[in-house]
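Input: structures, listed below.
Both of the next two complexes hold chain A, though its partner changes from chain B to chain C.
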Partner chain A sequence: MQMQIDRDNGRIAVSGEFTFTDHGPFKRMITEMFETKGKAIVIDLSRLEFIDSAGLGMLLLARDEAKKANRVLVLKNPGGQVKRMFGVTKFDKLFTVEE
Partner chain B sequence: MFNRKRVKVAVAEQPAPALAPLPSSQDEHAQQEELLRRWMSLAGMQQRVIKTLVAEIKQTSSFVETEADSLSGRFQRLAVCAEQQTARVESLSKLAIGIEVDGETVAIDKIAGLLEETLSDVVEKILLLSKDSMSMVYALSELNANVGRVDNCMVELNQINRTTNMLALNARIEAERAGTAGAAFRVVANEVRELSRTTGDLAIAMDTELKAVTEGIANGHATLQRVATIDMSQNLLAKDRLEVLMSSLISRSDNLTQVVADAIREAEVISADVDGMVTGIQFQDRTRQRLEHVVDTLHVVDQALEELKETTGTHLPATNGGPQMDVEWVKKLLDRFTLGELRARFVAQILEGVPMSGPEAELETSSVPSSSGSIELF
Partner chain C sequence: MGGEGIQMVAAPPGFTCWDGVSETTLEAALSPPAAGCIEADLIGERDWDVVFTRGAPGYLALAVTTQSAYRHSIVRAFIGAMASRTSLCEDLRVRIYSAVQEALMNAIFHGNLKIDPHLRDSLDGLLASQEAIELKLASPEVAHAMIRLEATWDASTVHVAVRDSGEGYDAGSPCMRNGHDMCDGASGRGLDILEAFSDGVQVLNGGTTIRLEFRR
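Showing the complex of A and B:
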């Protein structure tokens, strides 16, 4: 998975496939984003093509960490397989998902 | 099956045949005698016609009764079949509504609800498992980093120990150089050296333990990685597919229920119609009774004609051959018959005087279904 971080606006754009192998960079990126100012941390998923169950687990952990830090994790523009996975797991009830 | 050929049996509307005119040359008395003879001839012909009509009515009544009984039997069988069909359709409706489990019918939509609930639970557990696995991966990574830092501390500790050991050695050399004055210093140097050796042994033991911990963490991490990298995405999406399948199943079940309900309604209508037909076909009883009255009346008329003919015959002078039938008039009458079979019987019985056969004998030849040709088609 590739990640582009916009610290000023609290946005992360990810692309490719989000799987277990991304756990190290993803955790570092989230930790880094918690150090920025603002309430929402937006993850743009419009170019993410695939997510597996480990990726979903990492998002859930990031959500828990965001709560502890009094931040909100926003998942933006999921599509294709990612959107279907969010639908099946009812992620819209766990996260703020913006289309 | 009820689509039989419709037949039209009708008597053509023709003018009644005229009787032969009286000879004009006779005197009044002779004409009166001739008229009486003609009356007697007509009465005789009427008696034959009456007998033929009676035989025809009995035969027709028999035929109708036989056909009606046959039809009634068929309709009753049809009624039984219709009832069985209704029962089958009703049992089919139970199958359409749900599936029988331990003697209890569970509706399809309930099954779908249960499946949805179970799948949601499975999805929730998969998510929890994924999340906890990743949490453990993070924790082990953190622990691994901590162990690395402890390992660095151990390197520093070994360095300090080597320095301490070197100091003890130097102190011992200096104590030996000082001679007796350095005896106490020698003791301290030996103690420090012993302390350094003990610390070195402890460091080796700690290093061994630390390596075991590092190896355990590495093994745990590898195991967790294997668990966490099992892609459950297809299992999660299976819920999506199963929901679509169940939705289709519910839709099909609803359609089937509707079709079965329609079939039940139609089967009930058929049963009611068949029952009505079974009742309606009993008309032959009333018809037979009416025809018996007609036959009885004709017998009475026949007897009256016979009596009148005999009484009149006693008052007329005898003639050669008795009263002659107006054969031409009878032929014209029979020409009005459009049914060949009926006409043949009338000709045989009225003109040729062939004895009439009984209704039972006629029944044998006439009880075949009307579609076989006993009714002449126009």
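Showing the complex of A and C:
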């Protein structure tokens, strides 16, 4: 998984694949989340091509960490396999997902 | 057969060896006409004719160590190799990739590494599980425990079996499902994903094998 950080606008764009091998990038994502400004932290998924259940689990942990800091994690523009995975796991019920 | 990543060590006829270095070398080792590929660290005294049940015209096999399955995206390379041998439309490719990835995760974490799935339900737990995994992989016995992928296909169906070297589990146990469908926890979605993306899930050999069916 690769990340592009826009701290001023509270946005993290991820691309590639988010799987069980991505503990390292995920830890960086958590750190970067709290460097961003604003109430909402937007994770832009439009260029994420694949996610597995470990990746979903890590997004849930990111959501919980944001909540602890009184912030909201918003997932934006999931597409392809990622959107399909969200539907299968009813993940869109657990998050604010914006198209 | 030659090329990057293929070592000249003994492998069964029609099989290549993967050096375990990268996905690029794995893709090279899996390229046609190989019937299968075995990671070099696994080559030894094993009777590979017993390990792999070749026979179907549409067939591809891969045997890797737990360490390599944990560190590399082997499912992507495996499905890419399948697609170079049989036509997989985008929908089928996505379904196979999504389901086989879950089966592989199950084989690595629950089968060979025996990591508590609920450890990953918190950030601290996730970090602790990483440490536990690295500790376990420091043991050659665990790091070199085998994981196998075997795919067979014909005009109507694709089957993929993922087999670990663990002790198995009761098919009704919560290894892959945490007892409440699609809950809010960070783990426990594996079986639901297998069922949603495939057309059939079989848990075989005492829980050490997951066989998935996909209709074309």
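Operating definition for what follows: the second predicted complex is superposed on the first by the 98 of 99 C-alpha atoms of A that agree within 3 Å, B and C clash if a C-alpha of one lies under 4 Å from a C-alpha of the other, contacts with A are read in each partner's own complex, and residues count from 1 in each chain.
Just so we're on the same page, a contact is a pair of C-beta atoms (placed from the backbone, for glycine too) under 8 Å apart; a residue touches a chain by one contact, two chains touch by 3 or more.
From a predicted model like this one, the values you see are computed outputs, not experimental measurements.
State whether A:E17 touches chain B only (first), chain C only (second), both chains, or neither.
Once the two structures are laid over each other on A, A:E17 reaches chain C alone.
Name the contact category of A:L60: first (chain B only), second (chain C only), both, or neither.
In the superposition, A:L60 contacts both chain B and chain C.
Classify the contacts of A:R84 with the two partner chains as first (chain B alone), second (chain C alone), both, or neither.
A:R84: touches chain B and chain C.
Check the residue A:I30 against both partner chains and state whether it touches chain B (first), chain C (second), both, or neither.
So A:I30 only meets chain C here.
For A:I5, select first, second, both or neither according to whether it touches chain B, chain C, the two together, or no partner.
A:I5 contacts neither chain B nor chain C.
Tell me the contact category for A:A69 with respect to chain B and chain C: first, second, both or neither.
neither
Show me the chain A residues, by the header's touch rule, that chain B contacts in one structure and chain C contacts in the other.
Of chain A, residues 19-21, 23, 27, 50, 52-54, 56-58, 60-61, 81, 84-85, 88-90 contact chain B in one complex and chain C in the other.
In the complex formed with chain B, which residues of chain A make contact?
These residues of chain A touch chain B: 19-21, 23-24, 27, 50-54, 56-58, 60-61, 81, 84-85, 87-90.
Could you list, by residue number, the parts of chain C that touch chain A in their complex?
Going through chain C, the ones touching chain A are 70-73, 76, 94, 97-98, 101-102, 105, 108-109, 120-123, 126-127, 130, 182, 184-187, 189-190, 192-193, 196-197.
For the complex, which residues does chain A have touching chain C?
17, 19-21, 23, 26-27, 30, 50, 52-54, 56-58, 60-61, 64-65, 80-81, 84-85, 88-90, 94
Okay, in this complex, where on chain B does chain A touch?
Per the stated touch rule, the residues are 120, 123, 126-127, 129-135, 137-138, 141, 225, 228-233, 236-237, 239-240.
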